[in-house]
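Shared chain: subunit A. Partners: subunit B in the first complex, subunit C in the second.
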Partner chain A sequence: MLRKFFFTVFVVLLSLFTAVTVVYAQQSNPVFPTDDDVNAIAKKLYCPVCPNTPLDVCETQACKDWRAQIKDQLTSGWNEQQILDYFVTQYGEKVLAEPQRSGFTSLVWMLPVIVLIIGLGFVSLLLKSWRNRRNHQVSDAPPIPSITPDVLAKLEKELQEID
Partner chain B sequence: MEEATVNVDSQEHPEEASIEKHSTMWKTSGRIVTYFLLFALLGLLAWGLAKVQRGQVHSGEAPNFTLKDFNGNALTLSDLRGQVIIINFWASWCPPCREEAAYLEQTWEKYKDRGVVFIGVDYVDTEKEALAYINEFKVTYFNGPDIGTRISQAYNIQGVPETFYVAKNGQLRGVKVGPLQSPELDLKIEELLAETYP
Partner chain C sequence: MLANIGLVILFIAFLLSLFATLSSVYGGVKNKNAWVESARNASLLVFPLLSFSIIVLLYSLYVMDFSLAYVYDVSSTAMSPFLRLTALWGGQQGSVLFWAWIMSAFVMIVLLRKWEENRALMPYVITTSMLTTTFFIAVVVFITNPFSKLWYIPGAEDLIKTVFQPVGAVQYFPVDGRGLNPLLRHFGMIGHPPTTYIGFTGFVIPFSFAIAALVTGKSGEDGWIRTTRRWTLLAWIFLSIGLVLGGRWAYDVLGWGGFWGWDPVENAMFMPWLTGTAFLHSVMMTEKRGMLKKWNMILIILTYALTIFGTFITRTGIISSVHAFSKSALGPAFFAFIGITFVSSLTLLFTRWDTLKSEHQLESFTSREAVFVLQNMLFLAIAFAVFWGTVFPLISELITGSKITVGPPYFKKVTGPLFFALILLMGVAPFSSWRKQSLAKVKKVLLTPFLISLGATAVWGYVHRTHPFSIFGLWLVSFVFFAIITEFWRGIRVRMASRGENPLIALFKLFRRNQRRYGGYIIHLGVIMIALGVIGDTYFKQETQGTLKVGEALKIGAYSLRFDGLQGFPGSDGRDIVEAKTMLYKNDQFIRELTPRRDFFVVQQQPVTVAGVYSSLNVDVYTMLVGWETQPTQSVTLKIYVNSLINWVWTGGMVLILGILIAVCPSKKSKRRVTYVMKSNPLYFESFLGD
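The block that comes next holds the complex of A and B.
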């Protein structure tokens, strides 16, 4: 009777141990994101409600919900790019702190470069045109009379006499 | 004026005139490009400002959209022609939305069999909190997230809550900014239901 009781207890304990092991095995690599992990992504997003406020420092309820969502996604094993892509799909590109480098928003990155190139080109052309004009004016100046060897010899002779 | 100078000079000093002409040409092109860029930038700025200042769309044909609810069922505004439509923009994080939630649901229950459709558009919200809000206020009318904020951009909403009234012919009949208070929605719906068209 006692043996039967111990056998039953053993079987129950073994079943519990197996169940716990299986559950633990299913969560073999659990992710526990910290607030820093969440904020590292949140700072790349902007609050949807208050203008020009990064998500990581915003204290509105909407931002708290968004940060909680980021935490859930990190816990589920999402990487940073997947989370950012999700937010863009869900809420539009305007939530990104840094505009995307593709599509229409790439203009934000390209425009200053284009303006700089055009500006540099314009300045270089202007400088070139000024230089051409100055060279031309210099070449138009009355020619300096050339000194013939006779005159040079005469000058040297006079200088020697002075000395 | 500059062109004339070049012509006069060209007769006396052809080389100088050529350089002058070349230089003038570059200067003119430079000016054109500079002005073009300047006007393009100013235009872009003006467009952005005008868009912000435009305010909500409150007249004309209601911008069409397709909204999917949280279960993936879709609803297209243009398919609802012939019915009075109430489009309510809301969010779970918005306290004034909570003030009107119960009243909206009550009004929906009152008019749902009289050719009135309510559509809830959930603005920049998280699904978990949105569903909790819907459960909390026992909202039964069609509700879905505004994916990519396309609908709120089309209606140019300035915040939440905002409620747009659409007549049976698909024309917008105004917008309520802020929480609805009884009996204003009832009155508006009665007014829209009473509209007849030739």
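The block that comes next holds the complex of A and C.
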């Protein structure tokens, strides 16, 4: 039943999603490359010299020069991937804001997923063991009665008297 | 001279806290009360002694005694007296001392208030908390001493900063200081360190009680949890305020139009908040159901380790490079302390593993217990992802030798879905009751909020159709919002039916009777509001940049910004200001003048970008002066961010704090409520009366 609930949520959201995607159309830029085109790429890079600063917001002269370089590269017809590759070759992998998914670096992506799976497995084992423990014992817990408004009103009244 | 007295007093404080640590262990193990009493008295003295050192340092900052290296580094004649005083936590030396001072204050409060009540635990509470205090005082005394002086050796290029006179050196008295880092001169950065430190040190108290409970074998009883509940909440509230203030500071000062950059320093603070939040929830389960006892221990041990780790990261700069680690003894000292305390706490926990048995068992996978366990696991998974992303650059550098960056895209992609699941659970959890829960009932109750949220999402989704992915987020916040409202409505309706109260009075009394529970819901509402702000920041943020001559305008969405001229003038605190005069229009309607500017701090040779911001509930127009030319004609490069919904982050932060205040506020009813618990079947009541 729970699955059905989530499935409904998913289907409804998906249809909304598709509906609006169709409506969506991007505007094209009048003059290429604008500062925005440059920043869109610089955003994916980190300043090679300053600690933890994205290239699009870095204020140093070096970063201004790098942004100017991106602009030149765009003007000469480079695409985004070529520019990113160029920066990686020049300054190393550390310029990429988003770590790569290959080599040793892929571990950064994989481990959280592995940990999550282990965590979910652990939780389900734990819950099962809690439940099994119950099966071995005689449950002395009384069943939970359903609370009707009448019962509730009565209880509230009694509580008020205790006040 | 005064500084020397401060130094001596600081050293005495170190000796006393070391004595308290050792004597409390000895007294505890040998069962010798006199030693424990003595440890208590020594601990009580540490606070006044550290206070004296703090006052000396504050005085030195106030009178600008630049012979002290610390005063020289963080203050200057151009700074206002108030700013000079806040420079106490503006640098490493001062802030570590400040940390130790807050810690000693907390220890003192615990020893004065909880002494009789938790007499059996006290020896080891003193040991644990005073060991932490001793470590921080030791760091202040031996590694990063705020009372170091400046020395000049003839022929040498740099000044030396030590406490004692090096051979052949003469003391150096600068005329003026270098002044606080200009970026830190903001109300957010003035309030952020103290609140963060209160949060960090606050968690040491529940940790100390947990360790004491383990050592004494009283961990199976949950007295330590009840005793430290308020401490946990206090720590959590201050850590939350610290996070909000830090975010606000970043937004106002760092000039990149955002409030959270997943920087190592931010993550360092976020991790203990995550595990602390998990702890806050898991102790509820122990209080109510006697379950998750081992789990609580693991969480508080983790939280403690992460608070020290957080201080370590912010204060040593190790994350930027492993090379920063070896620059001072601070890195190795912190590393060793975290390692030793973490390993020994875990060892202790495993030796006591069997005392921590659950008192109850699970009856259904849809009960609140199951939801709590899942929620805790999610918190921990997020904390792990953040931790892993934060330390991975170091690991990569150590193992492969290549430096990499783990930037916001990683954190957003990895934690995003986890936060989604967590917030969804937040909406569903209140409707599942302890022990067992019929799914049909939950569905029946949740159907209304679900349908309303779908309707709201459809409208919202249509308005924001340019950002299709935002729909999932918008559905989530509206669903959880309406779920919480439904929960309020259920409570109100019951009171209206049974007592004939009008809705407002019913709501008020609902809060009065169940402050913890309804305060908790208010906190959840705050979280929803923050989530809305984050959705705005993730999906609806627009930015553009362009170079303008006088009279030209830059367009973004419905807004346009006209540049009217540039002016330069000297400002306060030793800065030169260049300011662009711009006019903001929305759909050709004039809104207001904005003056983005660049402040150049002459002494520090540091530029600071001050954004011109037009702020309304739904949107912030955030303008920045990126560059300018005066030849041949005046022109400026401006950057504009249109930050939709960002103010929900701050509003949500305030609602969250309000919720905590409601939850912790002492109520007259709280004692009397005990009589409500029917002995035969307490759960029956608690399932709807409160938790």
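Operating definition for what follows: the second predicted complex is superposed on the first by the 106 of 163 C-alpha atoms of A that agree within 3 Å, B and C clash if a C-alpha of one lies under 4 Å from a C-alpha of the other, contacts with A are read in each partner's own complex, and residues count from 1 in each chain.
In the analysis below, a residue touches a chain if its C-beta (ideal position, glycine included) is under 8 Å from a C-beta of that chain, and two chains touch if they have at least 3 such contacts.
Computed from a predicted model, the values in this text were never measured in an experiment.
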item	value
Which of subunit B and subunit C A:L125 touches, first, second, both or neither	first
Touched partner set for A:Y46, first subunit B, second subunit C, both or neither	second
Which of subunit B and subunit C A:T89 touches, first, second, both or neither	first
Partner chain in contact with A:A62 - subunit B first, subunit C second, else both or neither	first
Subunit B versus subunit C as contact partner of A:T34, first or second or both or neither	second
Subunit C versus subunit B, contacts on subunit A by residue	C
Which superposed partner A:L116 touches (first subunit B, second subunit C, both, neither)	second
Shared contact residues on subunit A - subunit B and subunit C	64, 92, 94, 115, 122, 126, 133
Of all residues in subunit A, those that touch subunit B in their complex	48-49, 60-62, 64-66, 68-69, 72, 89-92, 94, 115, 118, 122, 125-126, 129, 132-133, 136, 140
Sites on subunit B touched by subunit A in the complex	15-16, 19-20, 22-23, 26-27, 30, 33-34, 37, 91-93, 124-126, 128-129, 145, 147-150, 153, 159
Residues on subunit A engaged by subunit C in the complex (per definition of touch)	1-2, 5, 9, 12-13, 16-17, 19-21, 23-24, 34-36, 39, 44, 46, 51-52, 54, 57, 59, 64, 92-100, 104-105, 107-109, 111-112, 115-116, 119-120, 122-123, 126-127, 130-131, 133-134, 137, 139, 141-142, 144-145, 147, 149, 152-153, 155-157, 159-160, 162-163
Interface residues, subunit C side, partner subunit A - complex	255-257, 261, 263-264, 291, 320-321, 358, 361-363, 365-366, 369-370, 373-374, 377, 380-381, 384-385, 388-389, 392-393, 396, 399-400, 402-410, 414, 418, 433, 435-436, 439-440, 443, 450, 454, 457-458, 461-462, 464-466, 468-469, 471-472, 475, 494-495, 497-499, 543-547, 607, 609, 627, 637, 639, 672, 675-676, 681, 683-685, 687-688
